[in-house]
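Here come two complexes built around subunit A, the first alongside subunit B, the second alongside subunit C.
The block that comes next holds the complex of A and B.
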């Protein structure tokens, strides 16, 4: 009886430390989430007084809307295009950084800068570099290639966003892999050497398998970020030309705050949340396996 | 064999320098352009270094003349909001982290996971209801409103990072203080917190930069009075005949905290950028 009381007393003591943080998160994350779900079943709009429950109509409208589908598709293209390149280049850069001993920390610091700088600034820089008469096109024509209308053609507009994303986030992915590389048990390499493995075989049979968790983490962080991602797109193209580069996050913002369709926008946001949760769950399972 | 290893090392260094150059060149171009006279940004052939270098663009951004609307107010708002939200997030986050690190219970782990998961939600989902709540509470376009939003945004990160630092402190140190009659709060502030002060500084720096950089909540929750510097960056976008030199001066100011952070937080970069979750 006394020990039971003691345990509860201890719990109550620690809960006092935790409570303020939990209360803030409940009020400004969990309550809004529930409120958003509630709104998603209504036709709530900032331009009309009052609202009605319309059941699943918002969700059905989104699934049928070509613009919504296009936005989801764009998000997926950017996700696949940028994350795959970031992972491949990121691993390579990590391997290089892992080889150099002298002055590694200064290289790491300098390489980390893009991921810490505001995406709005990064977007502005690339918007300038990719202007029709900007530096990239100047270099292209100096090399004998024809200049590219980066923001006028849908495909290239999408490319320009992927380029900015790759430039900003590859170093971050490289740093994650560098952390993964340095945490591989060195005795594994010793054992491989004893078995006569050359450096290529060591890479295939020791390095890569041991980077699996790191890989899943890197993809998880980047995927969550790309999906929420709107700053860079907003600065570079505002989703244009037309809706060629409109991502899911931009779509939700435009529906909610340009067309004031709060209910509809909330429904779209919830669909996005569900998609993120499925992806996160899948990647987390990959991480937990074989731990 | 030794020669081969030497060659590999040299090639590696060369490749790293190439990567570094590609990483830093766009920043060079940003700074370069910020000092050019009007019309210099897109001149052909390009000005690799500014012809007629000038401080005019920075003056425009600071005084709010020309294309730069609002002037220094945006940067000041960013400074005030990022600092205030950092202090509050550190306070609440450290308390929670300490409680979670010391409370031995399965609930401690569950609550920690839950706190981390709140950071994973796309902000697009919460920004609409938070906006409606803020309309009710009269918090739209106020400093307080954005401070609340950023405290919420940074809390999971600060809590998670500080919890990691606290679990590394040996229990004996704290027990000694407890025997001397310190309360839990006393132990936290007199013994544990001083031991993790470098970690606290890093968590604070990251919180500051995340708030400084944040865009979506600033875009939705502010109009003019409380707008932050990313909004100033975006305000150039809609302008016809965009003035690149002035925009880049604004970009230089916007980038500064992130660059400073990279140098100050060296050892904790990966941990900070990935919310301290890499350790698993």
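The block that comes next holds the complex of A and C.
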């Protein structure tokens, strides 16, 4: 073997090790990305023979489209609604878990269960729970409140998506914050106590600043997930009523896989990627320590 | 002696090998040993009749049949993708009627004309309303599997209640009766709404997917049409279309909560659980009411003509032949003839009659389904009246939009209908948005070709002479 490659044997050896991975990356990531970028500048559709290069027309149509803008707006609403509550509740749960001693692992395992359920199953469960005569309305009626029309009113339909997302991913966010909490140097708390800080002041001046990176990571992780959120929405509301809960990902799915407008949906997917990249860049700057 | 026995033994094997193919081939569906057919159909109820009747076909013809059931959400997408990418996975596919043009213009389906010319499909036994279904651009591409027609299903016990009759007369000034017009329908829905605990005036499919079916029914009930056949300009803002949407908005007011999200399953179940006084829907409601174990309305359901629409003094009695599941053959199938035989078998009068009696999403569509009704008398209480009601509606049958892109046009209606129903946009704004989107869709497909297809659709299905 050494004689086959001569003095390049060492390089060939390493290339041989990484070649399968590179091949997979090229085939399933790089090539589809590049090809989809190319298609986004065409009017390629599976339902029509032939296609043409149309420049930026797809992108302009999307930017001008009321439906696309509404879908993006819905995505932002779900993002803000879900992630903000997940972070607040997640930190609270993490703080409680951090106080638990040797039985913590049992609680960690239990609360992680929702995150392990498939999103389509989560959608199906919450669709049943939020039916007009479902368990949630039954409980509301028992408490003397009026049942809610979860799927017939746009606002409540949006809440139904947010509730399902919060139920599934808050535990995961809590685990991220728990990891962050356990990494905080305990001597900082001792120093704060010595300085006379009470628990609220310790939380505000020690815990939160040291969780800045964890916070940004959790928000980034969840934001990327919510932006490409499709399956749970599809199961619960199908983007309805009308397009009241249609997210960007659902919009792309419908255009690409219902109407087979591959060029158009590729352009929409690239716009979504750009939006996610901008958000990621912004949050990553928060993660980096100030000089 | 041993040699004699060997000769006899060998001769019998040879004789059997020669004779048996001929013996099997005498069955009317041919003999295709070694052929495997893959059939893609909707999951849930549809596979049940296939699983029951396919073994006999397999035995007769030597064909092996694999049933691949696809969930509702994936049905159109998966079938189209597999056919468009020429994987050849499916030989037979199940399609909604208005999907067929999309497949045909992309040369994805095999024409069936030659098989119709060669074999007896008992074509004259098919109800006249369904004989044209499956024909596009002058050729037949699919066979009818499901006699979808809308009918009005109503609670006889409520309508025959003398107390309600007296109250209705007092309020509305005319006798309570099965609604003859859509205006009467709304009066009756308003009357029954909340009259008993957990009773709403009506049910209706208003969801993004199924709402367009009711829209088409009402559009046709008020004498409307989709486009101007000479310009392809949408007629969605016409008085007929406007009245259709207005009627749907009013229907929603007399429905159980979540009306804009009500699809086929919810409306069927709500009616059969006794939550609604009336529903205009497919035959599934009628048969489900009588056969489903959870039905609370068994024996209490009447079947009537879909109410007529009255507009500008003109009355239109029309019942939408909405959806209509059909079976078609993949243009890439290597066993088209065997596949056609399977379709001929499954749609034969004897087999299809048993299929439709199973109430598994395939509804009656042959004359023999309605004439030889011994089976119906034993089906469920009121089955004969149910079949008579279906047949009566078929006499006034009108057709869905059968042009390329129909799914997109109808999705535009479903989408904006939801916004209109929830008050996000006004009726005028909603109709304008539908019109704009229809124009975009037409331009994408090509205005001239769409015009040609639409004119052909009008001539074939509406007898248009233009």
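In this section, the second predicted complex is superposed on the first by the 276 of 291 C-alpha atoms of A that agree within 3 Å, B and C clash if a C-alpha of one lies under 4 Å from a C-alpha of the other, contacts with A are read in each partner's own complex, and residues count from 1 in each chain.
One rule holds in what follows: a contact is a pair of C-beta atoms (placed from the backbone, for glycine too) under 8 Å apart; a residue touches a chain by one contact, two chains touch by 3 or more.
Keep in mind the model is a prediction, meaning the values are calculated, not measured.
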For the overlaid complexes, name the partner, subunit B or subunit C, with more touching residues on subunit A.
B
Output check: A:238 vs subunit B and subunit C. Expected answer is one of first, second, both, neither. What do you get?
both
A:270 contacts which: subunit B (first), subunit C (second), both, neither?
first
First, second, both or neither for A:42, with subunit B first and subunit C second
neither
Looking at A:257, would you say it contacts subunit B, subunit C, both, or neither? Reply first, second, both or neither.
both
So in the superposed three-chain picture, is A:153 touching just subunit B, just subunit C, both, or none of them (first/second/both/neither)?
second
Just checking: does A:30 make contact with subunit B only, subunit C only, both, or neither of them? Give me first, second, both or neither.
first
Contacts of A:93 with subunit B and subunit C, given as first, second, both or neither
first
For A:66 in the superposed arrangement: first (subunit B), second (subunit C), both or neither?
second
Between subunit B and subunit C, which residues of subunit A are contacted by each of them?
131, 234, 238, 257
So in the complex, which bits of subunit C are touching subunit A?
73, 76-77, 80-81, 84, 102, 105-106, 207-209, 256-261, 404-405, 407-408, 411, 415-422, 424, 433, 444-445
Subunit A touches which residues of subunit B in the complex?
8-9, 12-13, 15-16, 19-20, 22-24, 26-27, 29-30, 33, 41-42, 44-46, 92-93, 95-96, 98-100, 102-103, 105, 107-108, 111, 115, 118, 120-130, 132-133, 148-149, 151-152, 155-156, 159, 184, 209, 212-213, 215-216, 219-220, 229-230, 233-234, 236-237, 244, 247-248, 250-251, 254-255, 258-259, 261-263, 266, 269-270, 273-274, 277-278, 280
Partner subunit C, residues of subunit A touching it in the complex
43, 45-49, 66-67, 131-132, 147, 149-154, 157, 234, 237-244, 254, 257-261
Residue numbers of subunit A touching subunit B in their complex, please.
10-11, 13-18, 20-22, 24-25, 28-33, 35-36, 39, 93, 96-97, 99-100, 105, 107-126, 128-129, 131, 133-135, 138, 167, 171-172, 175-176, 178-179, 213-214, 217, 221, 224, 227-228, 230-231, 234-235, 238, 248-249, 252-253, 256-257, 262, 265-266, 269-270, 272-273, 276, 280, 287, 291
